[in-house]
Amino acid sequence: MSLVAEALRETVCRANLDLVARGLVMETFGNVSGIDRAAGLFVIKASGVPYDGMTAEHMVPVSLETGLPLETRFRPSSDTPTHLELYRAFPGCGGIAHTHSAFATAFAQARTPIACMGTTHADYFRGDVPVTRAMTRSEVETDYERNTGLVIVETFRALKVSADDISAVLVANHGPFAWGPDAATAVERAAVVEYLARMECTQRIVAPGAPKPADYLITKHFSRKHGKDAYYGQK
Amino acid sequence: MSLVAEALRETVCRANLDLVARGLVMETFGNVSGIDRAAGLFVIKASGVPYDGMTAEHMVPVSLETGLPLETRFRPSSDTPTHLELYRAFPGCGGIAHTHSAFATAFAQARTPIACMGTTHADYFRGDVPVTRAMTRSEVETDYERNTGLVIVETFRALKVSADDISAVLVANHGPFAWGPDAATAVERAAVVEYLARMECTQRIVAPGAPKPADYLITKHFSRKHGKDAYYGQK
Amino acid sequence: MSLVAEALRETVCRANLDLVARGLVMETFGNVSGIDRAAGLFVIKASGVPYDGMTAEHMVPVSLETGLPLETRFRPSSDTPTHLELYRAFPGCGGIAHTHSAFATAFAQARTPIACMGTTHADYFRGDVPVTRAMTRSEVETDYERNTGLVIVETFRALKVSADDISAVLVANHGPFAWGPDAATAVERAAVVEYLARMECTQRIVAPGAPKPADYLITKHFSRKHGKDAYYGQK
Amino acid sequence: MSLVAEALRETVCRANLDLVARGLVMETFGNVSGIDRAAGLFVIKASGVPYDGMTAEHMVPVSLETGLPLETRFRPSSDTPTHLELYRAFPGCGGIAHTHSAFATAFAQARTPIACMGTTHADYFRGDVPVTRAMTRSEVETDYERNTGLVIVETFRALKVSADDISAVLVANHGPFAWGPDAATAVERAAVVEYLARMECTQRIVAPGAPKPADYLITKHFSRKHGKDAYYGQK
């Protein structure tokens, strides 16, 4: 492998371990990948490997063209074909994080979007985090993981939502995926998705039918942190 | 005791301490056992011993035939007769974990099964985690702990559910038991039961009547991890 | 002070710090006391002292007869007259713990008893943990803390409940008090009260009208751990 | 900068880091400031700086008169104009803490005040923690952060509530602000706001329409800790 891919392997390994540090992982669930589009490959966690003792060696390079692993030491995550379809469909996507974090997964099981109820949400996502439709029998029985990716892409196309504006999704009865310019940002956004789901759960106990904030408030906050007029943070 | 039983004692002690590490224990509640069917014995935590300072010495060997302890240093857990009945009825059961973990116990107190609402659940259990019926006065007043085991077995028989497909149960108004090929796996499953109950609690706040996933999704996920066609993890 | 009282001071200090270790404390809220009936005094945490850096010096001895502090270095907890009334009314009470732990305090604010819904509860308390009535204006404006104690005692007398069988109470719109043979046990029971409230909160989300367990199950579990026929733990 | 301002910088830095220690922070959200009215300046966290590695250098002095930073090394928090308006309107305010802590932010998203349901609340705040009205399009699009401050001040004036008696607010669809005589106390109160929101969430599950405590109980507890007749703590 090239030196670039070795560095990516380190980055992706750190991002996978960050899932644990942020409390987003149960057992061996969850996986993070990062892409090197120039090299035509992405790197993803090996399948079912414990996080304890995980090193860059356990990150498997996969061809963006064929979807096949470029090494045979470890099998890549069983969710690899899902990541592949997201990288193919979303050109701005540089890293992907998948978790079974408790609150976000509960929303996925409830088949309920995480509504954009405030500025914490709007600082990261310009609208509700959507839920995919239930998959058909044939989608599940054949090429299940690839179809999971295709159903995510279909969801964004149907809602006419940009994957840059809303960089996360809930797969129905499964769990959240989040993405961003790189693997570390994808993990940060996966953590935010969990936090937003946790807050919306409380909000629904307190005031189930609470009104959403106005669109101009959402736009204001998203634009404070994203795009050419951003003024949050240091120059 | 034989060398085999000594090794089992170490294994079971570590599994008991793992209950604490996983946050499944309050005070001295909870116990784990593991069986050596060839030797005709199982090993279980001593009754009411603090987890702090617990060693393999506090693990008590019990005869599978008589149900009596094979040593007199410590009394075995008061729940020993429950474990005994599960080992007798479920031949695939190699280890058992009992906890009073907060969410799963709350479901037991609600006498409500933990519904199979998603893939996290289906990766471990092929359907709802059932609840036993309430016990009668005579079942409670005489041979209470043994009857607890018998009521668990009755529940699986009545539902025509395999204890290998669904390796956990909620005892009504008491708490969860989980089992597996060995003590460590039993503890892992007890942790998953707690996590699933926690997620279902949130899901019920968000969407109380949410539909269950299709059977083919549950079968797909269970089969990814169990049985001859499993493809999750490393070979 | 006598040597006995010095030892009590150490014990009570450790019990106060145990409140923190168990996560039952917010800011300087909470206090624990322990009594030496032969010496006619009890020892209680000083008022508003931070837990960080607390030592046995900060435990104030108080006369059981006069209710006045026997030292002037530190003012005793503002809740001292409440403890005094409980010691006077409940002869089996050797230590008292008061917290503002989150779930139990929420039940106190809901003026809702913690119902005995399962064996975790019955292992400690032989029935619901009751709530006091709201206090009158004059009870609050004059001798507030003493009247808090008197209203607790009134609650147990009105319900004809033994303070040995149910060794905890929720003061309406205030928070829980728990007691036992010594300060350490009082703290353990305060932790259990919090755990039970947490579980009942979940149970009410899952099944708001769930039936209580039969009295014979409650009696069975309470008797496994208390009284002459107890068989839980080591001899 | 003067020596006084350097000391303030240290104080405010510690208070910002205390946000993290108390679990009130997600990512780079949250900010704390402290004022030196004699020097005509306040000090606030730099915008979007990670808490990990934060030092007093990252605290930016701002003129109370002009609202402009007195140094150019770091941009001050984007919320600086909000803090400025609070310092101008509330003369007793010596420090301000803003968080996106999960429960309090959920109440802000629910546009629901944190009701004064018990003595934990009344020990800190003499009545409900109010919610601001939704902001208009022009308030959001022009001078958003300054208008956030003005809407907070308007809320207190409309309710005829003293900012000394109730030293916290929820900004609708945004999150909580708390203040006090200094930055450290502001952070303590922000932690209490989170705790109160968490308890009220539970209380609403258990008894949604539970009655509030009598005014005389609230007055009693607030007065135990505040004002000339306070008798909580050491002299």
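Chains: A, B, C and D, in written order; residue numbering restarts at 1 for each.
As a convention for this text, contacts are C-beta pairs under 8 Å (C-beta built on N, C-alpha and C of every residue); 3 or more make two chains touch, one makes a residue touch a chain.
These numbers come from a predicted model, not from an experiment.
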Intersection of contact partners for chain A and chain B: none
Indicate whether more than half of the residue numbers at the chain C-chain D interface occur in both copies; give same if so and different if not. different
Hey, how far is the Cα centre of chain B from the one of chain D, in Å? 47
Where chain A and chain D are represented by their mean Cα positions, the distance between them in whole Å: 33
On chain C, where are the residues touching two or more other chains? 200-201, 205
According to the definition of touch, which chains form touching pairs? A-B, A-D, B-C, C-D
Which residues of chain C touch chain B in their complex? 117-120, 123, 188, 191-192, 195, 198-203, 205-207, 210-211, 213-214, 216-217, 220, 224, 231-235
Okay, in this complex, where on chain B does chain C touch? 26-29, 46-49, 74-75, 78, 100, 102-103, 105-112, 134-135, 137, 140-141, 144, 172-175, 197, 200-201, 204-205
